[in-house]
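Here chain A shows up in two complexes: once beside chain B, once beside chain C.
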Partner chain A sequence: MTTFFQLVVVGISTGSVFAIVGMSLVLVYRATGIVNFAQGVFAVLAGLLTYSLGKHMSLPLAAVLATLVTAVVATLVAVVAVGIRGRTTHLASLIITVGIAILAEAVLLAAFGEVPRSYSAVSDRAWDIGGVLVQPQYAVLTVVALAAAVGLTLFLRHTIVGQALVASADSPRAAELIGLNLRSVAVIAFAVAGALTAIGGVLLAPTVPVAYSSGLSITINGFAAAVVGGLASIRLALLGGYALGVVEQLVIGYVDPQYNLIIALVVMLVLIGWRSRGELAV
Partner chain B sequence: MTLLELDHLVVRYGQAVAVDGISLTVGAGERVALIGPNGAGKTSVLNAVCGVVRPAAGRVRIDGRDLTGATPAAVVRRGISQVPEGRHVFATLPVEANLLLGAYGRVFSLEIVSSTLRYVRSRREVRERLDRVYELLPKLHELRDRPAGRTSGGEQQMVAIGRALMAEPRLLAIDELSLGLAPVLVQQLAEFLLRLNEQGVAILLVDQSASLAFSLCERAYVLETGRVVLEGPSGDLAGRSEVRSAYLGGASGGPS
Partner chain C sequence: MNADAVVRARAGRRRRIGTVRLLALVAATGFACWLPFQLEQGEIGLYDRMGLYALVAIGLTLLMGFAGQVSLGQGGFFLIGAYTSGLLTMGLDADTRLVDPEAGIDPLLAVAIAPFVSAAIAVLIGIPLMRLRGHYLAFATLAFALIAWSLLYAQDRFTGGQYGVTVTKRLTVGGHEIIGATHAAVVWGLVGIALLLSTNLVTSRTGRALQAVAANEPAAAASGINVARHKLQLFVFAAALAGLAGGLFSFYAQFLGPEDFGIIVSLLFVVMVSIGGLGSVYGAVVGAVTIVYVEHKLRELGTHETLLGWDLPSTGPSILSLGVFGLLLILIMLFFPHGLLPSLLGGVAAVRRRLHGRPRGDI
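Now for the complex of A and B:
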């Protein structure tokens, strides 16, 4: 039984990262209609940057800097994906983000090398709760994911900038007619989502070392979490992330660690197949 | 002065010519209609005015100033707002957010931080404008918290008009006011537009219903395959036999 709870605790922690990436994907999709397949790259970039910068300065400062740099990179990705005139079709944008993800692996490999990197967590001492070890880092990840969900929901519902993002997805034509600039809207969405995913990556690296090639699996897991809510719901992406994290850990613990990514893919395909009769049209 | 002037406007989509050299004017505070069958180029004219499509030739002037090929945002800031065909409300947002975005869109620019600050600083003025829109369309006040997508067709038309009014336009361009709405609703909206016009807002109405266009507007242009085939005061046009047979279904209609 202890093993079970231990796996659940770890699952919620890794699931928080899936949730964070999933919510980022939802934000970008809701505002621009684009599925950003380079989203996981932002987590890797932020993690590796924190490691490299951390050698020259305090870790918290390195983490903040890495997050800011990643947000700037995300705005550049937005401009490339959406196009200078903002008239690239959604399908073309999606393919551009796939290309960026592939290119990014090469760039990250050249810049940071191939060794997976990790650094110290918020605290080295784990809490022992009835035989189940809980790393403080897990708690931080879970709290950050919850806070991000609440924050994003409030942002989209109650701020004029958030409402402008939703409006651009609801009706791009009307959004343009009232004077909103769709490219600016895309840039805000990518920047906010990029910063959020970066925070996820920064917090992930101490528990699971990240390497140049980790981006794809992070994207796939995040996408599987987001698909639970049809790429439209922040809340369901959060729940989807937790559920996926726990199921993956249980399979890793009781069946075979190799099945890790396959689960995310199966969840994704089943949900897309099930939902494709309805609202989801990716 | 002429508020809006189109000078030999041409709009092409690839090889297809949608608008083939149309010239028209709308004066300040005037009510003008564009009528014609499907595919006559009415919506393309509005899209060229509002900066959604770039004209292949010709000029769009607002207050005598050349705004050919300007962005939609620039046209909104110059005082022309469009109510698009099919309403296009922001379906998942509450009615009130739909309206407020109309005011935000007017101050929006590439620089989000400064445009948001500009919007927040004018908060009180935006609030007053919102109250005026609620006064004009009290129904919207009742519905303010409901997602716009969950209101009726007539209510959505009011949301779309209210949203356009939040940008304080001097000219309201309306694409297909009557489409899909019950006649009694169309009548109410037409009366509302007349009241709005009394406050000085010019109206450019695009509609397939010539009887509505003639009863609401002082002047009209009749479009066919991208050209103006007839123009003049609504009363004169409604009396012409070719217009009666083509658009008014024989003997019915005419100005009320």
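Now for the complex of A and C:
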């Protein structure tokens, strides 16, 4: 039973990262209608930047700088992904972000090399709770994911900017008529989502080393988490992330580590299929 | 002239254009099949790969152009086709690992089975997804390709994992070994057949329905077209073509390893289609030829010690090809969303119109 709880604890912490990325995808999708295939790249960029900057300054400072730089990069991605007004469809935007993800791999590989990087966690001690080891890093990740979920929900519901984001996705024409600039809306959404994913990446790297090519699996796991709520619900993306993380760890612990990604992907395929009953195209 | 005669005259003209096109296609295919016998040994492999990728790209461009859906996992269907045909010729035995050539089936039969296995998987994935917005299929197909790729490692007693497996049997038809230039000729012959099938598909009743779907989905649905079924047909057709290409790939390389089937291969197919134009089957062939050639050249460039005064790391080839293809995809989708080739051709036509002073509406 201790093994089970240990796996659940680790699962919730890795699941927190999936949840963070999933919520970022939901935020961008709700504001722009774009599914950002390059979202995972932001986590990788922030992790690798923190590692490199951390050699010259204290880790917390490096982490903050890395997050800011990533948010700026995310705004650039926003401008490219939104594309040309009236010409770039949402499907074209998706393919553009696929291109950005490929290009980003090249840039990250050239800048940081191919070795997976990691650095020290917030604390190297671990709490022993009835035989279950809980690292402080896990706790931090879980709290950050929870705080992000609450913060994003409040932001979207109760701030004028949040309402603008939701409005411009619901009806781009109407939003433009009342004077919203869709490109600015997209830039804001991408920047917030980029910063959030960057925080996830910074906190992930100490437990799971990140390499230039990690972005793809991070994006996929985040998408799987977001799909639980049909890409529309922050709350369900959070739950989806936790559930996915726990399932993956249980598979690693009880079945075969080689199957963890496979199981996650199968779960996602089933979820998408299940989703398809409710939502129609067009 | 009464209306009936006009219709008949139009139909006749269309048929004549059809005949001209058919003859041109047959001639071009004949040339494409003759060409490998004139090439040098080193070039045949490259030419063969162009044909194999063209088969996959033809299917994908139909899916992207007419169903408005993008598959990021055509490499997965390619992989399934390749390992299906390769492993079937060796005989699967869970206890003694594999490699029992005596137990395997005939390579020709194995190649014929490959597209059906890919198509069956496409049906399974496609049925729940074809009614959804494009990004769901994009991620689902990507997930499928990743699952297939991960299974290569998880089931390494069959697939050889990262070390791969050697396909020992050779593809033979009536006593003739299909290798080298002959293999390339067969592949390009199939490209010709795929083009013919696709053109027919586009101009047939199904094709007109597909065009209606592509133009205005709600309107198509309102006029009684089963939109989801037509999209599924395209998806399955595309998967079958990729499976066939994979099946032939086994007896092109005579070796199956994970590097030939990574996610980047799936994404390259999307780049090929975006070069040739979404929905343009001939464009897809041009895209495949271009990308295979460019990738080959970049690989050569990447192995140099220095490039334009920069020291290249050992990862140079990867950096170059990822960078170029990523950038290409972004720029094309931004500025030529209907495809690079159609836009270029359109540009040429516009210039010519201006030179001849013809009005824009002219044929």
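Note that in this section the second predicted complex is superposed on the first by the 275 of 282 C-alpha atoms of A that agree within 3 Å, B and C clash if a C-alpha of one lies under 4 Å from a C-alpha of the other, contacts with A are read in each partner's own complex, and residues count from 1 in each chain.
The criterion applied here is as follows: contacts are C-beta pairs under 8 Å (C-beta built on N, C-alpha and C of every residue); 3 or more make two chains touch, one makes a residue touch a chain.
Computed from a predicted structure; not experimentally measured.
Look at A:G113: by the touch rule set out above, it reaches chain C but stays clear of chain B.
In the overlay built on the shared chain, the residue A:E176 is in contact with chain B alone; chain C does not reach it.
Applying the stated contact rule after C-alpha superposition, one finds that A:S184 touches chain B and leaves chain C untouched.
Looking at the shared chain after the overlay, A:V166 reaches chain B, while chain C stays out of its contact range.
Number of chain A residues touched is higher for C, counting chain B against chain C.
Once the two complexes are laid over each other on the shared chain, residue contacts for A:D128 go to neither chain B nor chain C. Contacts of A:T88 after superposition: chain C is touched, whereas chain B is not reached. Within chain A, not a single residue is touched by chain B in the first complex and by chain C in the second.
Contacts from chain A toward chain B in the complex involve residues 160-161, 163-164, 166-167, 170-171, 173-181, 183-184, 187-188. Those residues of chain C lying in contact with chain A across their complex are 68, 70, 72, 125, 128-129, 131-136, 138-140, 142-144, 146-147, 150-151, 153-154, 217-218, 263-264, 267, 270, 274, 313, 315, 318-320, 322-323, 325-330, 333-335, 337.
Interface of chain B with chain A (complex): residues 50, 52, 71-73, 76-77, 81-82, 84, 88-93, 97-98, 100-102, 104-110, 112, 116, 119-120, 149, 160, 163-164, 167. Residues of chain A that touch chain C in their complex: 35, 37, 80, 83-84, 87-92, 94-96, 98-107, 109-110, 113-114, 216, 220, 223-224, 227, 256, 258-259, 261-262, 265-266, 268-269, 272-276, 279-282.
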